[in-house]
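Chains here go by letter, A, B, C and D, matching the order in which they are written, and residues are numbered from 1 within each.
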Amino acid sequence: MAGNTFGSAFRITTWGESHGPAVGAVIDGAIPGIEITAEEIQKELDRRKPGQSNVSTPRNESDTVEILSGVFEGKTTGTPISLLIRNSNQHSSDYDSLRDTPRPGHADFAYAEKYGIRDHRGGGRSSGRETVGRVAAGAVAKKILSEFGIKVVCHTTRIGGVSADPDVLSKLSFEEIKNNIEKNSVRCADLTTAAQMEAAVAAAKERGDSVGGIVEGLICGVPAGLGEPVFDKLDADLAKAIMSIGAVKGFEIGVGFAAAGAFGSVLNDAFEIQNGEIRTATNNAGGILGGISTGEIIRFRAAIKPTPSISKVQKTVNTAEMKEAEISIQGRHDPVIAPRFVPVGEAMAAIVILDHLMRNEALHLLKTNQTVNQNK
Amino acid sequence: MAGNTFGSAFRITTWGESHGPAVGAVIDGAIPGIEITAEEIQKELDRRKPGQSNVSTPRNESDTVEILSGVFEGKTTGTPISLLIRNSNQHSSDYDSLRDTPRPGHADFAYAEKYGIRDHRGGGRSSGRETVGRVAAGAVAKKILSEFGIKVVCHTTRIGGVSADPDVLSKLSFEEIKNNIEKNSVRCADLTTAAQMEAAVAAAKERGDSVGGIVEGLICGVPAGLGEPVFDKLDADLAKAIMSIGAVKGFEIGVGFAAAGAFGSVLNDAFEIQNGEIRTATNNAGGILGGISTGEIIRFRAAIKPTPSISKVQKTVNTAEMKEAEISIQGRHDPVIAPRFVPVGEAMAAIVILDHLMRNEALHLLKTNQTVNQNK
Amino acid sequence: MAGNTFGSAFRITTWGESHGPAVGAVIDGAIPGIEITAEEIQKELDRRKPGQSNVSTPRNESDTVEILSGVFEGKTTGTPISLLIRNSNQHSSDYDSLRDTPRPGHADFAYAEKYGIRDHRGGGRSSGRETVGRVAAGAVAKKILSEFGIKVVCHTTRIGGVSADPDVLSKLSFEEIKNNIEKNSVRCADLTTAAQMEAAVAAAKERGDSVGGIVEGLICGVPAGLGEPVFDKLDADLAKAIMSIGAVKGFEIGVGFAAAGAFGSVLNDAFEIQNGEIRTATNNAGGILGGISTGEIIRFRAAIKPTPSISKVQKTVNTAEMKEAEISIQGRHDPVIAPRFVPVGEAMAAIVILDHLMRNEALHLLKTNQTVNQNK
Amino acid sequence: MAGNTFGSAFRITTWGESHGPAVGAVIDGAIPGIEITAEEIQKELDRRKPGQSNVSTPRNESDTVEILSGVFEGKTTGTPISLLIRNSNQHSSDYDSLRDTPRPGHADFAYAEKYGIRDHRGGGRSSGRETVGRVAAGAVAKKILSEFGIKVVCHTTRIGGVSADPDVLSKLSFEEIKNNIEKNSVRCADLTTAAQMEAAVAAAKERGDSVGGIVEGLICGVPAGLGEPVFDKLDADLAKAIMSIGAVKGFEIGVGFAAAGAFGSVLNDAFEIQNGEIRTATNNAGGILGGISTGEIIRFRAAIKPTPSISKVQKTVNTAEMKEAEISIQGRHDPVIAPRFVPVGEAMAAIVILDHLMRNEALHLLKTNQTVNQNK
């Protein structure tokens, strides 16, 4: 047990159930002296919040964050930052019928098998609401990273059968992607395709169904040298961080699964000298070689399954009576998860990068010393 | 730094460079009283060993394991098991030309950036030889798991443009897959396709090139309830374990990236009652829901990139002179990595499962107690 | 950084500053299905609360705990338990004069050196108020341990020059010690000596001074076999847990420092058979041999320094002006810490024992299996 | 289980049994580019080695260390350093009589209870020989610390009834202590008292008995700011590290248990300005306040019990026959452990300091950045 803490030098612990009193996170290892406000965290929480459009659940959560510790006179102190978000909208009775009928595609059955006890109200701890703590903590990580010039963005590249146009995406700058995704409900940076994605979501919703997607993550400004082989490789930790988010079924770095069909001569990124620096001509590696950042943009992708909660009738069992049953899940549920994954994926990616950045600093100390020695 | 230990309750630490005196692993947390011999570990090392066919490197490593601690009178004692494998075949001078020319697709550049110093002989710690320690430790994990009825197998499902036939695979039992993969050099359980894969490998080799692939892992016998949400989910830890293996560019659980194009109504695995037990009619989830095992077979896939070492001429830089250069990598190199990933993937998967099994036992204790109490 | 999490299988994370909005703890790894109420936790917090007598600070803290997660329908669910205690009585302005004058014996200077920034209000994170989170989490640990028949108590054995009578203590049962310590303000189980201790405290207070003490901890019902050599030995982890509490300057297990002057023939505890069980005739070891519990009572002691905050004038420096200064600390401060250490020591000891209990359960599983095999 | 790894950013894993093939350690997180030779490690192992005088066991161990990885061209590479020491002198048959008779004061009984299986030859993993791995790893830590100007020494201050003269010790410099302890078999820096200690040891040996002692540790050159409150405090981690060494029954920092009888006004270390720096007039705190180093010398003490193996007849039980028995332990055993604790204590203290040093460097990075920003 005890799997609710992530990270080593920069470490978050999240807690809270969907329909309990509150959810939250404790951040340990934040660099002291960084300016941070509740508003900055709130902004990220608002991006995660549902009810903003017809593709996300109309549940009206206020999700107001309170900073309970670790910040003094507007700056981090290096002590734990405790973040609290009250659950304001709890229709627990909506879920009474689910006490004995595990929802297909949900964690209900697995939790009951594991713990012997289960908070059936909205999935309890397995609810997507658990990500509130991640996003709040990630907001702090993103703020600290920005002090080092490191930026993270996620954007939807596929919804169901509709994919963003790679040519369109390749012409967008990091900032353009960041701006474009807030212009549509599916968070797709290719604005033309975004409309088609929205139509695909609406069609699925119409049928009482849901649809999956793919989200790409980009991390800019990471210096070469982050990642701790052979187990805590940067891509391995990114994979764990992203796969730990509910509904994620796959993770790729760089070309990912396309590597299976490729030849080495094509896939290897040639080294070259650009403006006096060693860079790679291409970035099929996705910014990581041997588990260590190369200084190029880090590029990953996550496969997100369709929302398991659908109103279409599904087969399940009644565990109390041990007989087969049918279920039609009513209530407020997004017909697609991918767009809401965006802020969560950004949060987890930021946490991984910051954690590795802080694990690596002794090397910088040494490099400084070496410089000093050379001056002698 | 310090990223060479994996696991929590069952924990391995690996060490060793490609052309240093030896490689090895320390296993901490092995259940005491389990019979284990050097021969059982050797058998797995022999599966990893190159030189067995024309698709794997002709380097003639003896790779003899020595058990240095933790086993007494043929049984584990619960104390650390130290495993040592001497490097017997060290042609370090082969690599002299690589001191200042990072190989494209290799970790050479990233290591130099990170550590400021690099063992250039055969990649040093970033060499595939690092996996010897993983396989040795994994052999112990597999032996312990077998005491609990848990079995792991990996098999190649794709090499370059050639994929195994899903219909053929679906008719094979776990044991048939296990047997079939040892009948061909690409470790493909679909024996007809295996020959085509071998041809694809040979063709790439002929051109001085290399080719990628996909390997699927199957884990049978895992009880429902393993995995520690919300960060140490079973699939998240499997992802980290698999992605930490060199050359892996992607990870999927269950349907994986295919989930992106699927509808919820199709992807959700309906619950049903089979022989008095709750099971799922399908297994699109891959045996894990909400990060917890469901009792179904756990199914994952890894995307493996082509061997970066190719004899074809590639562009790189000379870091000492800071000018562009060309490189043609000679020596003994597999033109494909996927088949040799098989024993490594099995090892890491076994380690993850055993680690989570041991992290979970307090629950079993409680269940036992509850039974006792009910008897009062 | 990031040192605010303790434990492995049962893990607590505490947060909060003396004069911030709140303090609290997150518990991860609590066994599911255990009944726990806010009242049970409150009871322990009330034991920690100052203002109960003339030896403890008159600050009137309400310290009401709120359970924010991890408990459903009165039982633990196995998910993180978040505990929140608002700080209700914040006279921050009392501390304005301390912004630039580190208090001797306090962590003020060290925090400023470490973090470059410091919450000077009442010590911030270094305040004794930090222990609220430990006590709240410890209450849950104690409740779970009680389900396994394990009990923990701490009691004051020395204050300044006054020591409890060993003969009196040796005749008291565990329950009598537990009851006696609540009968006096110094938490001494030897009621006659307690009065002298109270007088010693009053005398120090009268002089604007403070006084140190020793607290002994007893843990009953721990089965043989807990502790993970060679680093996570049970006594090593107890030492860390106790030494991590503010003001503790020493830790002993069993005879402790008296071992230095003893002969092996006297100190070794002879094994004997009592009621068909192997026991030791004496318990100089304090219930732990080789870092593993022996089944005897675990006995440890902690040396607690005098309260550093005293009204007597002390020498210090003004760090802003870099010149020497004087300080007389006013406000509400206990003249002795030892009695208030009691509930904190119990909490940390309980957490260590529960953590090791949960780390050990795979062995129990194996023992069960072995029995089954022998039945074949 | 799994308790054989210590440290976080600088991490050691030790392995090996007294009478198995070998013992050793794996070091993870060593700063790259540090010159280290087998000879430097050997020198520390030789200090640990028995047989140097009549107070230590005459067992003639060669204890030759082999560096198996992590060092290339004479320098650390940042990858794991694996150290191997073969066990050359294994008289296992000496121990046959101990298979069923646990030695009083030894871990035999506790190991058997924990693991259900035990390597009875010389205590197996619980043997003092386990410390070989600690000392080898500590030699690397000491070498790295010396690059930062940090030095560690331990010296015996008490054996049985004989204590070193505090006045003599207070006049010795760090280097004098370091030199003096190698001039006598008890490693006492007060050379006059050393002779009396040697006599006390000889007298105990004569009677077939053994005697305890106290060892003090001094750490110089640690900058202010090391230690991670509230759990990974520097003194808490030192306590764990020292208490994890076999035979240690107590730990003190600064004045330690003497704090119990002291007044706050006497114990508090006044701050003052010395040569433009803030220092304390006294160092009762032992160089650590609030779990963070203050920049003063760190001073700790360990209480070491008498060797449990004595030739005097002791009572024990025969566990196979479940009846009481007698035991007289023959063979080569030191009549005192304290002097041999010295190199082990130094090793563990060095490991703790280096670990915390490396955990703290992100702060230094930030300080550097702030300077840079101010220059803009």
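Assume a contact is a pair of C-beta atoms (placed from the backbone, for glycine too) under 8 Å apart; a residue touches a chain by one contact, two chains touch by 3 or more.
Chain labels with UniProt names: A, B, C, D = Chorismate synthase.
Bear in mind the structure is a predicted one, so any value in this text is a computation, not a measurement.
In this assembly, A is the chain whose CA centroid lies farthest from the centroid of subunit D. Chain centres here are Cα means. That of subunit A falls 26 Å from that of subunit B. Between the Cα centres of subunit A and subunit C there is a gap of 38 Å.
Subunit A and subunit D have centres, each the mean of its CA atoms, that are 44 Å apart. Within subunit C, the positions touching two or more other chains are listed as 1-5, 8-9, 14, 31-33, 78-79, 114-116, 125, 229, 358-359, 362-363, 366, 370.
The touch graph of the protein chains shown is complete. Against subunit D, in their complex, subunit B makes its touches with residues 1-5, 7-11, 13-17, 20-24, 26, 28-29, 31-33, 66-70, 72, 75-82, 84, 114-119, 124-125, 358. Of all residues in subunit D, those touching subunit A in their complex are 8-9, 31-33, 78-79, 147, 229, 357-359, 361-366, 368-370. Taken together, the subunit C residues at the contact with subunit D in this complex read 1-6, 14, 102, 104-107, 109-111, 113-116, 125-126, 130, 158, 160-161, 204, 208-214, 224-233, 235-244, 246, 249-265, 267-273, 276, 278, 280-281, 285-286, 288-295, 303-310, 312, 314-317, 319, 322-324, 335, 359-360, 362-363, 366-367, 370.
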